[in-house]
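One structure coming up, written as C-alpha cells, with questions to follow.
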Amino acid sequence: NSPSGDTGDAGGTLRVVLAQEPPTLEPCEASLTATGVVVRSNISEPLLERDPGSGELRPLLATAWRQTAPNTWTFDLRGGVTFHNGQPFTAQDAAFSIDRAVNSDLQCNVDGYVFDDDEELGLEVTGDTGLTVHTGAPDPILPLRLSFVEMVPRTTSTTAKVREPIGTGPYAIESWETGVAITLRRNERYWGEPPAFPRARYVFRSEPSVRAAMITRGEADLATTLNPEDATEDNSVAYPNNETTALRLDGREAPLDDIRVRKAIGLAVDREGIVGTLLAGLAEPAAQLVPDGVVGFNATLRAAPYDPEAARALIREAAADGVPVDRKITLIARNTQFPRVAETAEALQYELAQVGLNVQIQMADTAAHLEYQLRPFPVDAGPVALLIMHGNQAGDAAFTTSQYLRAGGPQSTFGTPELDARITEAGALSGPARQDAFAAIFAEQNESVAQYVHLAHMRGLLGRSRAVRYEPDSATGDELRLAAVRPAAGEAR
Amino acid sequence: MTSKTPVPARRARWWTLLGRDRFAVVAAVLLGLVLLTAVLGPLLIGDRAVRQDLRASLRPPSFDHGFFGLLGTDVLGRSVLARLVDAAGTTLSVAVPAVLCSLVIGATLGMWAGFHGGLRENVAMRVADVILSFPSLLLAVVVLYVFAPSVGNIVLILAIARIPVYLRTARAEAAELKSRLFVDAARTFGATSWPTIYRHILPIALPTLLTVATLDFCFVMLTESSLSFLGIGIQPPEVSWGLMVAQGRQYLQTAWWIAVLPGVAIVVTTVSATVLAAWVRLATDPAQRWRLTLPRRARPTTTEVTA
Amino acid sequence: MNAAATTESTSDTTAAVALEVDGLCVDLRTPAGTVRAVDQVSFSVRRGRTLALLGESGCGKSITAQTIAGLLDPIAEVAGGAVRVAGTDVLKLSRSERRRLAGPVLSIVFQDALTAMNPVQPVGRQLGEPFRIHRKLSRRAAREKAIELMETVGIPEPRARARSFPHQFSGGMRQRLLIAMAVALGPQVLIADEPTTALDVTVQAQVMRLLRELQEEREMALVLITHDLAVVAEQADDVAIMYAGNVVETGPVREVFADPRHPYTRGLLDSVPEHGVRGRPLHAVPGSPPELSAVPTGCVFQARCPKATDLCAEQRPRLSTTGSSRSAACHFPEELSHA
Amino acid sequence: MGTFLRKRVISSAIPLVFVVLGVFCLARLTGNPVNLYLPLSATAEQRAAFSAEHGFDQPILVQLGDYLGQIVRLDFGTSLRTDQPAAEMVLTAFPATLQLAAVTMLIATLGAVLIGCLAAYRPNSVADRISSFLSMTAASIPDFWFAIMGVLVFGVSLAWLPTSGVSGGPEVWVLPIATLLIRPFGVLVQVVRGAMVAALSAPYTKVARSKGASEKRVVFGHALRNATTPALTVAGDLTIGLVNGAVVVETIFGWPGIGKLMIDSILQRDFAVLQAAVLLTAVTIFVLNIVIDLCYALLDARVRQVVPA
Amino acid sequence: MPDTLLEVSGVRKTFRVARNRLTALDGVDLRIGRGETVGLVGESGCGKSTLARVLMLLERPDEGTVSFAGVDPFTLRGKELLAWRRRVQMVFQDPFASLNARMTAAELIGEPWRTHRDVQPTAAARAARVRELLDLVGLRAGDAERYPNEFSGGQRQRLGIARALALEPELIICDEPVSALDLSVQAQVLNLLAELQERLGVSYLFISHDLSVVRHVADRVSVMYLGKVIEHGPAEAVFDQPLHPYTAALMSAAPSLDVSGSARPERILLQGELPSPLNPPSGCRFRTRCWQATDRCAAEAPPVVSREAHEGLCHFPLAAAAASA
C-alpha cells in the first residue's frame, strides 16, 4: 500500500529524480548539464561518443571515421537507423544536424563551447551513409568535437529551439508536464540493444535531502547529486565526475598581483582537511585543473602541502616589500555549485585569515557568479578570489587551457606571454607530444603563474536504489544513460 | 506624567504586575538572557565561534570536549555553543532594527494617514498595496546582489517589506479612533494633529502594534533564515540563527544539533517576546489590568457571576 | 421553560414578593486591594410594583443591578447575601439554571444603550433571540415576535426596520429596543438601569409610559434606577435610597419624599432645582461620599451629616423600621422628620 | 455598494501600475542575463547580438515603453530560459499555488477560529496558555526545517506519506499543506484570541447573557462575528503572502507553483516570466484586497453606510 | 442686556450620509451675552450637539457666521487660535467616550495644560491644581490616579467638567453636563458653575433636556426642533408662556416632583416619531406632529412671531394664556 507519489508505480518504470527541471530538451543544448542529462544518449545520439573510462572515441551513429585530408574528415554512418517518428536516419540528417548546431543562428551551447564561434564547417553528403566535413584550419580533434552534436531529423526547425525533440535514441518523449515530470517511453525500433525499462520518468527536486529520501523510501531509482551527509551505502554510489575545484586569483589586483601572496594562498589551504571532512572523502586533492584521464594530465604534479607557517612567511616577505597584504580580498563562491560549497568557502576564508590575509566571503547565484567568471570582468571589484569548478568533458586539455590559462582567455584574469605561446603550440600537436606539452603547461602554471590554487578533483554522488543496477562513470553527471540501467538481479521487471 | 498626587499604591508598579504573571516573568527572564548573551556573549567566547578544526567535525553534544563542546560542533568543527552565542547578536541586530524600523515608519505613516483620512489615507494605503503585492524576494535579490548582502541591507529589505503590515494596522486603528469624542476633546484644547496622535492614538494602538511586532519579530527571523536557505542571507563568517538553521538543515538526519538548537533559540525568543507582549497588552489597558492584579486563587475565568 | 411554569403556579398571590435582595455584599478587587462596593443591601419588590433605586452616582446602584442579573464583571465578587426571585436564591443556582431564568423571569435594561446592542446583527434578530433561546421558536417565528415587539414599543414600520442595524437607529429608539428586548418574554422582574438618562423629556415620557403599560399588563416587578426624582415621583411605588454601598432608607415614594427620615434623603430632595429660584445657589449636600476603601466604621454618612454625634462615629445604624412600611438607617430618624 | 466597488477598483489599479514599473526596473538592476544564456566562450559580437535581440541594449526607458506596449497588447513576452510564452508558463504554474493557498487558509482559518475561541473563552486558563504556547511555537518554526523533518519522519521513517511531489492521491497534499499551515495558523490563533477576548468583554455580550443565551451562543453567535474583522485583516495579509508564492514549500516538495517559478526566474534573470508572474500575482492580490473589503462590508453593516434614523 | 460675547447667525450644517445630505442645522441664530447663561433644549437628534461642535470649531458650518467677541474664530490660525481655544471650552455629552480610557484622572484633567504650557508651568502647580479641580467637582484627591473605567458614570462626567475648567475659559459649552449626575452632585456642579459665573463672569451655553435644570440656570432659552431654533427668549417667558406648540408639549411632558398628583395639567403627548432630518417636512417642520397643523403649515414656512424679546416660528402661536391651560 505504499503511496506511489510523484514518480509513478515502480513496475516497469525507471524513476529518476533530478536536481532541476531541464529548461529545454533542445538537442543542440545538450552540453548544458540540465538538458543533457535527459537528452543525451537517451532521446538523441551523436555520431560518436567518448568513452569516459578510456577516453577513446566509440562509434555510435557513425561506424567509422578518418581524416582524409588535413582539413577534411569523413564519416561512415550507420544504416537502418530510424528516428522516433519513423523517418530513416541518413547522411542528410547528419549534415543537417551539424549545420543546425554549428552554423545556424540558434545560439546553441555547443556552438562556441566545443567549436569556435566563427568557425564554419563545410558539409558534404555522399549517398545515404557518407558524410564529409571540411574545416577552415586543420582540426585533429574534430571527431571529439562532433561527439557533442546530437542527430535530429531534417524536419527539425532551424529557427527555433524545439521543446520535445525527435531523435534516434533508446527512448522517445512520451509527455512533459511542465514543472511536474518528463516521461520517456522505450523506442521499440532502437538499433542497438533495447533498454530494460519500458518507461522512464524524471521528476525534479532541488533539495538534496529530499532526493535522498526518495531513494531511501523507494520512490525513485536514481537521483542526481546527493549530499554526502545523506548518502549511505544503500542509497548511493560515488563516481568521479571530472570536475575540479580551484580558487582563481585575480592577479591584476594587489595583493594578489604578487606571486608570493598567490603561492602563500596555495600553502595556506588545508586540502586534506577539506577533502576529508567537508567533501567527506569524495574528492582528491588537486594540483591541476584537469583530472586523470584527460589528455594533458600531469601525473607528476603534487598538490601544495598544507604549510601555514611557510605561507605566513611568504606573506610577511611580501608585506615587507610594500605589498598591501591586508587589503580586503573578496572570496566569491556560487550557491549549490557543489555540496557544502558554503562550508568550503568558510574553511578557505578561515584558513586564509589564519595566515594573515583579509578575506570576505560573498555567496552569489549563478548569474552573479558568472559576472565574475567571464570576461569582461566587473570593474572596481577589487582583488577577487573566485571559487570555480571546472569540468573538462571533452577529455582534452586544450579546452581547459584556452579558456582558463591564456592571458586573454575568457575565464582567465591574467597570464604570461610564454604560457600563451606554449598553449598555442601544444594545441597543434597530437599524440604523446600533445600530452607532454599540456602536462608541462600545467606544471608551469603552478610554478610561475599561480593564477589557480587547486583544491580538489571532485566526485559525485549518485542516488541509486537497490532495485536497479547501474555503474556511474565520469560522464554520468552530464548524461545519464538509461539504457545502461538494469533491474537488480532477482527483481522481475 | 506631569501631575503626581501623593497617593502611593493606587497604581500598581509594573514589576508587581509582572510578578503576578508567572509566564511573563519567565518570558522576561529568557528575553533578558538572550539580550545579555547578545551583548556580553562575544566577550566570553572570543574567536571560538569562528575557530575551525576540521578534525573535530560534527561532534555530538557531550561533556567530553569542555565547555565549548557541550552542544557539539558543526561540520567545520566550530563549537555550536559559541556560534549560538555569536549568532544571538547578529540575529538581534538584524531582527530588532528591522522590526523597529518598519514599526516606526509604518505606524507613523499609518496613524497619520488614518487620522487625516481623505487623499492622504488613500495614497498611504496604495503605497502599502504596492509593497504588499511586490515579491519581496525580488527586492531581496536585487538589493543583495546589487548592493552586496550586508546586515544593513538585509535590515533594509526586511523593514521595507513589513512596513505595510504596520501601516494597515495603524491606519485602521487611527481611522476608528479619530472619530472618538476624546480626540475631539483634545482638539478643543488646541492640540494639533501630532500631539493628538501621540497622546491619544498611539497609546491605544500601541498594544496592537506591539503584538503585531512580536509576531513580526519571529517572521523577520524566519525570513532571514529563508534568505539564507536561498543563499542570499547573512554572509559567513557572520552567523545568525537563521543561517545556522538554513545551513544545518542538511544535517538534520546526521547531526540534528546544528539545526535544531538555533531553531529552538528562535522559538524560545519569539515565544517569550509574544508572552511579554501579551502581558504588556494587559498591563497597559486599565480595563484589563485587573486580570493581573487579582489574587490568583480566585481569578475568575469568564465574565459570568462567580457566586 | 421550567421556570416559566413555576411562575404560573405562584402568580395567584398578587402581593407576592417577586424580588427580594437580602443582605447583599459585593466586593471589588481593585489594584489597591479589595473594597466593598455594596454592603448589606436589602430591599424587596412585589409583583406589579415599582421600586426606584436612588442614590449618589457611584454608590453601587449599577453593581447591585448587575449582581441581581448575574452579570457582574469578573473584578467584582459576591461576598454574601441572597437574591431571591420568586423564592429561589438565584445566587446559589448553577449557570445553566440561571440561564433558564434570564429572560422569562428576570431581565435587565443596561445603563449604556449605545453599546449594548450587537453592532453586526440586525435588530430583528437580536429582539427575536429570547424567543429562540427560551421558546425554541424557529427563526421565522422569532422574527414575527420581534416585529410585534417593535410595534409594541412604537417603532414605525417595524417589518422594514427589523432588518436595520443598531447604528441606524437614534438613541431614543435604541433605548426602546433594549427595553423591548428585556420585556420580550414578560419577565416577572425587570431591572432598568437609568433607561432614560440619555433621552429628552418627550421620549422619556414615551418610554416611561411603555414601561407602565407593560407592568400593568404583565404584573411585572420593576426596579428602576434613576437620578431623576421627578421620574421617581411619577413612576415608582417604593423607593430605596443608597449611599456608599448601603441602603439608607426605604419606603413608599410618597411618604419618603414627603417626610424623609435620613439626612441624605433630605439633602437629595433639597437639591432639586425646582425648589430654588434661578440664580440662587442650590441646596447641596456638602462634601463627598467616602472612598470605598475608607468607608468609616460607623454611619457611612457621618462625615456629611449635620447631626452626626459620637454614636454615629462608633456604630453603624441598622436599617430599622420607622413607619408602617418604612425603614431608615439613621440613629436619629425621628429627629430629622421633625426638623 | 456599486460606487464603493467602482472607487475601490479605480484606486487599486494605480498601485498595479507601480508594481509593474517597479518589477521592471528592479529586474533590470540584476544585470544583463547574457552570460547565463550564451556559452561561456561567446564572443563580444554574439553577446551584443543577444542583447540586441532581447532589447537589453536599449536605454531602460525605451525598454519600458516597449514592454508597456506589449502588455497593452496582452503580449507578455517569451521566456529566455524555455522559449515558451511567459503568460503560458505563469498560467500553468499559478493554479498549483492558488490551490495550496486556498486549502491552507481554509484550514488555518477554521482551526484558528475554533482554537482561538476556546482560548479566549477562559483567558489565562491552562487551556489558553497551552494553545497560545503551541500556536506561538508553531508560528516561529522555520518552515523549511519543518518541511524536511516532515519528509524524514512521515516520508521515510514512518512511510505514511509520499516524500514529495504533486501527482497521486490526496496524501501528497498533506506535507506541503502542513508546512504552509503552521505559521498562518499560529498567527491567526493569536489574533482570533485577542479579538475574542475584547469582544467577550463588550457590553453586548452581557446583554446576550441577560437574555439567557448559552455560552456557545454568546461566543459563536455574538462575539465571533465582531471578532472577525481583525482576523480578516490578518488572514488577508497571510493569504497575500501565500499567493506571492510559497517558495520554500514549492522548492522542497517539487510543487510546480508560482513561487518556484518566480525564484527560478529571478535566479535565471528570466525577466519576461518574472514580470508576467508578478503582474498576475499583483492582480490576484488586488482582487483579493477588494474581496476582503467586500467581506468587511458584508460582516459589518456599519462599513456599508452610515444612515442615522 | 449684557454685551454680546458669541453670536451665531444663519448657521447651516449638513452631513453626507451615503448619497444623501442630512441637514443637522438649518439656519440657526444664537446669541450669548457676556456673563450670561443660555439654555438650549430640544428633542434628541435635533442638532444641539452639532451646534455645540460648530461652536467648538469641530465642524465647519456650510453657511452662516460665528463671531466670538467680534472675530470669526474660523479665520484664526496658529497662536491666535490657541489663545482663542483657551477662552472657550466644552463639557461633552458622553462621559464614556470623551475620556481616553488609558489616561488617569490627573492626566485627563491636566491634558489641556500640555498644549497651554504657560497656564500651569510647574509640575507641582499642576498637581495642586488637579487636586483643587477634583475637589471642586466633588471627587477626592485619591481619585487622581484612577482610570475612567474605575469611575461610575456620574463620576466620569465630573472629570469632564473639571477638565473644561482647567483653562479657566470665558465661555463653556455644556452639552448635557448633569444628565448623568445624581441630584446632590448636580446641585454641587450647578452651584459651582453659578459661582464661577459670578466670580469670573463666565458665560454658558447650557444644553440639557432636564427642563427644571435649564429653568434654574438659564437667563435665556432657545428651543430647537429639527435643526432650527423655533423659539427663543427670556427663560421665564419661554417656560411660562410658550409661543410654539412644540415648546408647550415639551413643558408638559416633563415629569414633576409634585407627589400630590392633583394639580398636574393634562399631558400633551406628541404622536409619531421625529421626522427624518434627511427628508424634513415642508413648510413648518413640526406640522407632522402638531395637533393644530393645517394645510398652510405644509405650504408655507412659518413666520417669526414675537412677544417683546420672546420670538417664535409658528403660524398659529399659542396665546399667552394657553401655556398654563
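By letter and in written order, the chains are A, B, C, D and E; residue numbering begins at 1 in each of them.
The criterion applied here is as follows: a contact is a pair of C-beta atoms (placed from the backbone, for glycine too) under 8 Å apart; a residue touches a chain by one contact, two chains touch by 3 or more.
Treat the numbers as computed from the prediction; the structure is a model and nothing was measured.
Note on connectivity: the fewest steps through touching chains from chain C to chain D is 1. Interface comparison, A-B against B-D: more C-beta pairs in contact at B-D.
As a whole-number value, the distance joining the C-alpha centres of chain D and chain E reads 53 Å. Mean C-alpha positions place chain B and chain D at a centre distance of 22 Å.
Note on chain placement: the centre of chain A and the centre of chain D lie 39 Å apart, centres being C-alpha means.
Per-chain Cα centroids separate chain C from chain E by 29 Å. Counting only residues that touch two or more partner chains, chain C has 30, 70-71, 112, 115, 170, 173. Annotation for chain D: residues 30-31, 148, 152, 206, 209, 267, 306-309 touch two or more other chains.
For chain E, residues touching at least two other chains, in rising order: 45, 94, 142, 150, 273.
In the complex of the two chains, the chain C residues touching chain E come out as 30, 54-59, 62, 111-112, 114-115, 154, 156, 170-173, 194, 197-206, 208-209, 227-231, 233-235, 253-254, 257-258, 264, 267-268, 271-274, 276, 278-279, 281-285, 288, 291.
Contacts from chain D toward chain A in the complex involve residues 30-31, 33, 35-43, 46, 50, 81-84, 89, 92-93, 96, 148, 151-152, 155-156, 159, 161-169, 171-172, 251-254, 256-257, 260-261, 267-269.
Residues of chain C that touch chain D in their complex: 69-71, 96, 99-104, 107-108, 110, 112, 115-122, 129-130, 133-134, 165, 167-170, 173, 178, 181-182, 184. Residue ranges on chain B touching chain E, taken from their complex, read 1-5, 7, 10-11, 180-182, 184-191, 195, 199-200, 203-204, 284-287.
Against chain B, in their complex, chain A makes its touches with residues 208-209, 227, 229-230, 270, 273-274, 276-278, 335-336, 340, 342-343, 345-347, 349-351, 360-365, 368.
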